[in-house]
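Chain lettering (A, B and C) follows the sequence in which the chains are written, and residue indices restart at 1 in each chain.
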Amino acid sequence: MPITMKELALEFDKKNPGITQGHRLCPGCGAPITAKFVLMVAKHLGYDPLVGVATGCLEVSTTIYPYTAWSIPYIHNAFENISATVSGVETASRALKKWGKIPQDKRHAFIAFGGDGGTYDIGLQSLSGAVERGHNFLYVLYDNEGYMNTGNQRSGSTPPGAQTTTAPVGKVIPGKPQLKKNIVEIIAAHENVYAATVSLSDPVDFFNKVEKGLNFQGPAFLAAMSPCVRFWRVPESDTVKIARLAVESNYWPLYEVEKGVYRVTRKPKSFKPVEEFLKSQGRFRPLLSRPDADKIVGELQAYVDARWERLLALEEATKDKPIRK
Amino acid sequence: MAAKGWKEIPIGGTITEAGNAKEVKTGSWRVMRPIHDKNKCTSCMLCWLYCPDQAILQTQGHMDGINYDYCKGCGLCSSVCPAKAIEMKAETEFLE
Amino acid sequence: MVTVAEKMRAKQALTGAEAVAHAMRQIEPHVVAAYPITPQTPIVEYFAQFVADGLVKTEMIPVESEHSAMSAVVGAAASGARAMTATSANGLALMHEVVYITASMRLPVVMPVVNRALSGPINIHCDHSDSMAERDSGWIQLYAENNQEAYELTILAVRLAESEEVRLPVMVCLDGFILSHGVEPLEIYPDDQVKNFVGEVKPYYPLLDTSHPVTYGPIDLYDYYFEHKRQQIEGMKGAKRLFPAIAQEFEKAFGKRYDFVERYRTDDADCVIVALGSTNSTIKYAVDWMREEGQKVGLLKLWTFRPFPKEEIRKALDGKKAVVVLDRAASFGAEAPLYEAVKSSLYNAAHRPAMGSYIYGLGGRDIRPEDIRKAADDALKGELNADEQMYLGLRE
């Protein structure tokens, strides 16, 4: 039975999900919503969650000493090493169970949160190592497509043409020329893993995938579309609207890969043009006002279409054929 | 919280009072104030689900209004409300 | 079948790496996360075999880098587990960021550091440039003269690190290849005695205790960062205070006496040589040789570099005619690290000795008794210049 919002509302009537009020994230930020979704599901399923957070918006804004917005155990170590850090926590729990210091039936959920900088870029090695070693943890990427904590610098996740301070749209260069890394497939290629995309706009699909990830024996990875109202230059009230546009334009397809088996979890009859997603955000305005805007937008649309065709083909090709037992 | 000396705080920078950020009343940031209309509200709880600051009050799935201690006034609740039961008003309207 | 314990009881010929691995087997930490690097590799290999053979219950994390090794150890130690790693040179440098974090989180991790020259150019042999680069990281640093000491200090370090007054990580430094790969006869104590001595780790706010949730690693700005640093300074003072008591307990358990410093024929010496690590054995040989010729030379060996035993050094050196400090690391644009610290400890001495600074052995360059004699001869002839950097075994 899928988890419903009503169920969660009843359960978390007075109970705290793990992250509290009083954090200093921007009004309308997607990151605390992502964290809340994940933790509510973990608690709902009877897990005792522990979180590790990579340096970034979510980390600095929730733990300004002497205050913490976490009502569950929390560790931050550095920017690039949250997966290694959480792998140490997870291993300690196995060891201490062996030693009889922790009850055998204790159901911890080890959850790592990282932004796109800490995931696509500086933390990729640590993440890959932890996934390869098969630690039982859930990594949640809150993807806001840039180094937003430090004021909007380009990351490996920034889409082409988005205005950032380190790949600005200039008189000659139309901003970042590269496409986003395909992080889900990078992680899925470890094969022993459950990897999926989620979006705040589709909470039931989101809850479902958190549940799958937590119950998966081994590493799980969720990439959450998590708009940054500040540097995407959108109204604070539009976080969910923008996330929905990302999905509806197929900019952010919803799918999962479990041990190599692809499954597209949302297949609408048609998609909105990607341009609509771009036009909804101020960060693309400098690009869209260039004379070569059509060409760049066209290329992105062609990529999005090709990626969709490929996803469907992969779903077909990998059906019932897990690469690992 | 009055600043403490080095002998009075736990070592290693650990914070041992879980969730004490609740003492930080982020409601003071608010520029726009969400006003909840009980008559229009269907208690669908979408606003509760999405509020980034957990500032929607509820009792057993029944929407009870807004916790202005923490509400930063982002307007997300208003934008996701299918019943248009939350209106955003400028804080200046409420100046005494 | 002879058990491992029985096999160990007698003196046996072991490399330093194997001796340290046995200390780790006996300590039996809950978690070991490590990445291989020459010359630390055999420590990890021996320990992995102990794990594979079921001699320890330890969970090993075969990480993909030293940065992740130290990061995983931080996660495990914060969880309430006893956690260890080991490294060398570039591995330690790669860890650097997290080395500081470990100390600032007050996690009592013990890490054997097999001293190796830091790149570049790349070099795999011994000097102290790796551990000296971490001297202000907030870790306690112990230096071993031989394999027996490397083994014993690893065991002693656990108690020092985990003491409530201290709660700081410890590097046990042993010279790369010279000790790590050199075979020496040594005594491995019975497993139960070592286990008794190290006892159980008393976790401090363990992360895994979900009924008492704590936050580790918050952002700590101008209003509290300074206070937390002051606490770390106090922890290091605690290590200074507590070390003699732990050393005494160690002596009671195993019969071997440790101190901040070892004085070797210093009482009536005119000239005292100061050094860290395995070179102390060569210096002892040179001292005996010079003594036979009637020259009043002695050695002051340091077991602890952090905390730095200022008072003990002053006590040993005040009133001597000359002091020669041998450094196996350079500080570019400043005085060599050990020399600088020894010299500074003598600021308040009643009778300041003449002082000389000698750098030797960089990148594994051999140091011979003749080289040491050369430095001592300079001192005895009254030819030391406290401001001039000298070199031993270097071609001009």
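Rule of thumb we're sticking to: contacts are C-beta pairs under 8 Å (C-beta built on N, C-alpha and C of every residue); 3 or more make two chains touch, one makes a residue touch a chain.
Since the structure is predicted, the reported quantities are computational estimates derived from the model, not experimental observations.
Visitor: Which chain's mean C-alpha position is the greatest distance from chain A's?
Guide: C
Visitor: Which chains touch each other through the most C-beta pairs?
Guide: Ranked by contacting C-beta pairs, first place goes to A-C.
Visitor: Chain B to chain C: how many Å between their CA centres?
Guide: 52
Visitor: Based only on mean CA positions, could you tell me how far chain A sits from chain B in angstrom?
Guide: 24
Visitor: With centres defined as the mean C-alpha position, give me the chain A-chain C separation in Å.
Guide: Whole-Å distance between the two chain centres: 43.
Visitor: Give the residues of chain A that touch two or more other chains, as numbers and ranges in rising order.
Guide: Within chain A, the residues that touch at least two other chains are 63-66, 68, 70-72.
Visitor: Going by the touch rule set out above, which residues of chain B reach two or more other chains?
Guide: Expected reply: 4, 9, 13, 15, 18-19.
Visitor: Multi-chain contacts only, two chains or more: what residues does chain C have there?
Guide: 213-218, 220, 223-224
Visitor: Across the complex, what residues on chain C touch chain B?
Guide: Against chain B, the touching part of chain C is residues 104-107, 167, 204-205, 212-218, 220, 223-224, 227-228, 230-231, 234-235.
Visitor: Which of the residues in chain C come into contact with chain A in the complex?
Guide: Listed in rising order, the residues are 30-31, 33, 57-59, 61-65, 67-69, 71-81, 83, 97-98, 101, 207-210, 213-221, 223-224.
Visitor: Using the touch definition from the top, list the residues of chain B that touch chain C in their complex.
Guide: 3-6, 9-16, 18-19
Visitor: For the complex, which residues does chain B have touching chain A?
Guide: Contacts found on chain B: 1, 4, 9, 13, 15, 17-26, 29, 45-46, 48-50, 52-55, 58-61, 67, 69-70, 72-76, 78-80, 88.
Visitor: For chain A, which residues are in contact with chain B within the complex?
Guide: So the residues of chain A in touch with chain B come to 5-6, 8-10, 13, 16, 20-25, 27-33, 36, 62-72, 200, 203, 229, 235-241.
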